[in-house]
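Two complexes, one shared chain (subunit A), two partners (subunit B, subunit C).
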Partner chain A sequence: MKQTRQIAILYKVIFVCLTVVPVMAGLIYALLYSFGIIGIMNNGFTGKYWIAVLLSDMFWVSLGYSLYIALVSITISLVFALSISLFIKKRNITISYLFYIPLCFPAVVMAFYSFQLWSKSGWISRIIYQIGGIKEISSFPDLTNDTLGFSIVFTSVLMIVPFFTILFSNLYHSEKLHELKKVAQNLGASSFQILIKITIPVLLKRSWFTICLFIIFVMSSYEIPLLLGKQNPQMISVLTMQKLQRFNLNDIPQAYTIASLYVMITIFVLTLLSIGGIKKRFITKRRAYA
Partner chain B sequence: MKKLFCSLFIVLFFACGKEKKENAFDIAEASWKEITAEAKGKTVNLMMWTGDPKINAYINTYLKPRVKEKYNIDLMVSSGQGNTIVQTLMTEIQASKTESDLDLVWINGETFYQLQQINGLYGPWTSKLPNATYIDFDNTFIGIDFQQPVEGYELPWGNVQMTLIYDSDKVKKPPMTRSELLDFVRENPGTFTWDNHFTGLTFLKALLIDIAGGKESLNGDFNEEKYKKYSAELWAYLKALKPYLWKKGEVFPEAVAPMHQLFASGELWFTMSNNDAEVDNKIAEGIFSASARAYVPDYGTIQNSHYMGIPQIAPNKAAAMVVANEMISIEAQFHKQDPTVWGDGTVLDLKKLPNTWQKKFEEQPTRKYAPKRSEISKKALQEIDPEYMIRLAEDFRKNMIE
Partner chain C sequence: MNDIVLDIQNISKAFQKEKVITEASFKASRNAVFSILGKSGSGKTTLLKIISGLEQQDSGSLFLEHEEISAIPAHKRNIVYLYQDALLFPHLDVFENIAFGLRLRKIPKKDIVKQVNKMIFDLQLEEHSHKMPTQLSGGQRQRVAFGRALIIKPKVLLLDEPFGALDVDTRKQMQQLCKQTILNYKITTVFVTHDLKEALLMGDQIGKMENGVLKTFINQSEFLNDPTTGAKEEIEFWKNIYKNEERF
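Moving on to the complex of A and B:
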């Protein structure tokens, strides 16, 4: 018993060393750099980089734009993933493997694919031109590098839908939704009521935290908005890398400031969500006991 | 416990031994013969841009076997452009590392400026190389990099000039002046742009020099007064172009590679390159159609050299010097200039070469789709102070993108 407990502690220590420590070390490094404490070009403690970032529109516009792209991408992905997973319902190994395929493509490959598909000289434009839908290829609308981020959303959806489809399909079985559906039917519920009141709420509730993590994942994506996005507004990772890697070495502390601020906001939001989730569970339990 | 102390002692003993060995060889005082002897059997880690198959082939199939055969040096290449090199060396210096992971780096003026800011380069060292005697360091396109004298801290490896590339099937008479360019984009909206990176900025620098009065008008240190005056004119001109640019000038290709792709697919009628031989390379690779042509407008384009630098804390400086010396050997430079190999302009002064080699260089087959180097070099502009580029990049964003 004692030995099992020791092994469990050892695993926890290894986990913390491999995951928490490097991330925290990176964050501390970024914070020190952003306050001018470390860094070859820095001359000691200063808050000027934080003031510059906090007072500039650049960061907030970028954060807002990243959130917009993430919310739109995730909402569309969830609609598609729910529809597909409810349509498939039964476990089908062949279809599951087919869904895994898009997950194998790196983001940059998917971004290039979207560029080839949606640019003015891309496949869609050429097909429409060939069938007489447009008079000139140049009259095809701007769907890459556009303000609404159409091709960024499209590529993100392509990458996210397979994951959520597989997740929802597995949840459908693990939550025994098929049996719940039968019970509801016996009690006189219509198919629409079952879908709205049982199936979708259960699937979304069970995957709520994963959805939040995916919103953060899309907000932080780099390759896709780099190739398919505009230079203004920019998504947060592109803005950070631009400050980090462009010609002016004096911009590097600002890059670390943006990165630190974004991580802090993310951690804050995730903590709020976790506290919310715990409170909700506590209230539900109390109601159940009452 | 005893074992632990023994192990620690052995580790410390060998660590000290290594230090002694390094210190014993003073490269600054060593003769070339001693440097060559020290270099034998070493491994040189070269960090360079690896985005061009022809350049990679030149390194892998020509240079690597040569240094292995002649000096038993293993040349290892790792991929990384200017910003990666700067970030790597900055991190190493910040971490107080005594030995870099890199021995040799392929850089241009912008990176040279940044590396000098962080004192990241070793030097002076180029005068030690026997083959450096063939280089004319008084040539302003070689001995001065972004208005900074190289002063032995970087070794010129190749020389190129920026060209604009157009599709001759669609563009019968390419615009040669700023006003012709404005007229052209008005007549053919959406067919012209520049990238939001180094090549695009090099194009903007040429326009700025033209506005300032042409060649040499912005030579010397950064001049705030001049910049404010001429850049205001530049933004006014670019704003006049903006509605007629690709995507109405609301977005610019992020780098030159996506711009080449847009040109290859026909969406753009123009692209640009910092390497005057690139049009031939891209046609040979089947990326551009055979109707692609390179040219230099009347207002000129920037000509610059690219260089090799040795990091301040490079562990194998002697071997790095030997490899660099081989890179500027007559044979290696001749082979590199062959358009079917790479087409990169030589940094050697032909007048300093033996007659047989002078003749060989002169008779070397030239490129087909770009004007001769001797022709375009008449319109060559010198790189201006790096501060101009930093300010142009910032103000371009403020004036044209935001």
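Moving on to the complex of A and C:
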């Protein structure tokens, strides 16, 4: 019994050492750098980098742009993933291993494929040119490195859809959706009412936290916006890396400030979501026992 | 009692080549409970699913208030089938689960609140109205499923071993509550069970299903005197126990 407890503690220590410690070390380093306590050009504690970042449009525009790309990508992905998983269930098709392939591709490879597909000299442009859809290759619209982030969204969707399709397909089984649909049908629900009132709410509610994590994941993606994004606005990771790798050493503390600020905002939002969940459960319990 | 609500005539069903139901026929009277006793795999569940429209029969006819309903889809039959598993909607609390059928019918909000609260009171669920399904016990979940079915006032309620998964005490309570609520709400019910006592306790009319063949009985005494029902053996068993008890 004592030995089992000791092994459990050991596992916890190893887990903390491998996950929490490196992340915390990185965050502390970034914070110290951003406040001028460490770093090549720093001369001691200062809040000037934080003030500069907080007062600059650059950070907020980048944050807003990252959020926009993430929300659009996730929304489109969810629509596709829901449609595909429900179609698969309706036709009783087993998910092929082919579906897992996009999950194995590195983001940079997917970004490169998208570039080949959607750039002015890409496949789609050439096909449209060959069939007479455009008179010149240059007339093809800017779908890479564009302000709306079309190809960033496209690539993110390509990478996210398989994951959510598999997730929804598994949830369909674990949540007994097939039986629940029959119950709803028996109570008088039409196919559309079943979809709106049962299938979609159950799947989305169960995967809500994963969706939130994916929004953060897309917001902080780097390789895809680096290859397919515009110089302005930039997504948050690209902005941070550009500041970090510039020749101007004075920009490095700002990069760490942006990184620290983004982490703080993320933690704050996740905490709010968790508190919201706990509060909802608490209110439900209180109302139940009232 | 002679007003027939549900008239099942010569229903047969086979899955691939295996015959599950052979020419089953019975008539359920208005506001009465028709019990069907049968072992697992005897075809009871398939029969209920055919009546509810979740399965289609190979042959035979179904009449609901003298109207043939075989071609009517499940969601338009106004017959509710209650599973052994409560199958509550996991994203809705107790109140919303019970209100589900009423919301589909676009009943005014005030009426929904009134009707659902009354149902919650009748089913002794007042303390649990805002709980989520995962916060309920097996018996409570089954009561919610029962309320969700009853509130839309179906023409026929089909109960498929609804208390099968409950412990003995909860099962007893649920049998009484169920019987009383069916009486109060005046709903014609077909009750399927493998438990002899439960079939007798719940049913005003009774039938026995064996290997897909349904045998119906005019009244309880005919059922008790029929050697194939197992009722006589059960009575004898308890008599012997009683005698042995007296001897000691």
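Quick note on the criterion: the second predicted complex is superposed on the first by the 274 of 290 C-alpha atoms of A that agree within 3 Å, B and C clash if a C-alpha of one lies under 4 Å from a C-alpha of the other, contacts with A are read in each partner's own complex, and residues count from 1 in each chain.
Throughout what follows, contacts are C-beta pairs under 8 Å (C-beta built on N, C-alpha and C of every residue); 3 or more make two chains touch, one makes a residue touch a chain.
Please read these numbers as outputs of a predicted model, since none were measured by experiment.
Trainee: Which partner chains sit in contact with A:Ile198 here, subunit B, subunit C, both or neither? Use first/second/both/neither.
Mentor: Only subunit C; A:Ile198 stays clear of subunit B.
Trainee: Looking at the overlay, does A:Ile131 come into contact with subunit B only (first), subunit C only (second), both, or neither?
Mentor: neither
Trainee: In the superposed arrangement, does A:Glu179 touch subunit B (first), subunit C (second), both or neither?
Mentor: Only subunit C is touched by A:Glu179; subunit B is not.
Trainee: For A:Ile101, using the defined touch cut-off, is the partner it touches subunit B, subunit C, both, or neither? Pick first, second, both or neither.
Mentor: After superposing on A, A:Ile101 lies clear of both subunit B and subunit C.
Trainee: Examine A:Ser190 and indicate which partner it touches, taking first as subunit B and second as subunit C; both and neither are also allowed.
Mentor: A:Ser190 contacts subunit C only, not subunit B.
Trainee: With the touch criterion stated at the top, can you tell me which subunit A residues are shared between the subunit B interface and the subunit C interface?
Mentor: On subunit A, no residue contacts both subunit B in one structure and subunit C in the other.
Trainee: In the complex, go through subunit B and note every residue touching subunit A.
Mentor: Interface residues on the subunit B side: 83, 86-87, 90, 93-94, 110, 114, 117-118, 190, 196, 247, 250-252, 254, 258, 261-262, 265-267, 386, 389-390, 393-394, 397, 401-402.
Trainee: Quick check: in the complex, which residue numbers of subunit A touch subunit C?
Mentor: Touch list, subunit A to subunit C: 175-176, 179-180, 182-190, 193, 197-198, 201-202, 205-206, 284-285, 287-289.
Trainee: Can you name the residues of subunit A that touch subunit B in the complex?
Mentor: 38-41, 115, 119-122, 137-138, 142, 145, 147, 226-227, 230-232, 244-249
Trainee: Which stretch or stretches of subunit C touch subunit A in the complex?
Mentor: 52-54, 74-76, 78-81, 83, 85, 87, 89-91, 93, 100-101, 103-105, 127-132, 135, 148-149, 152
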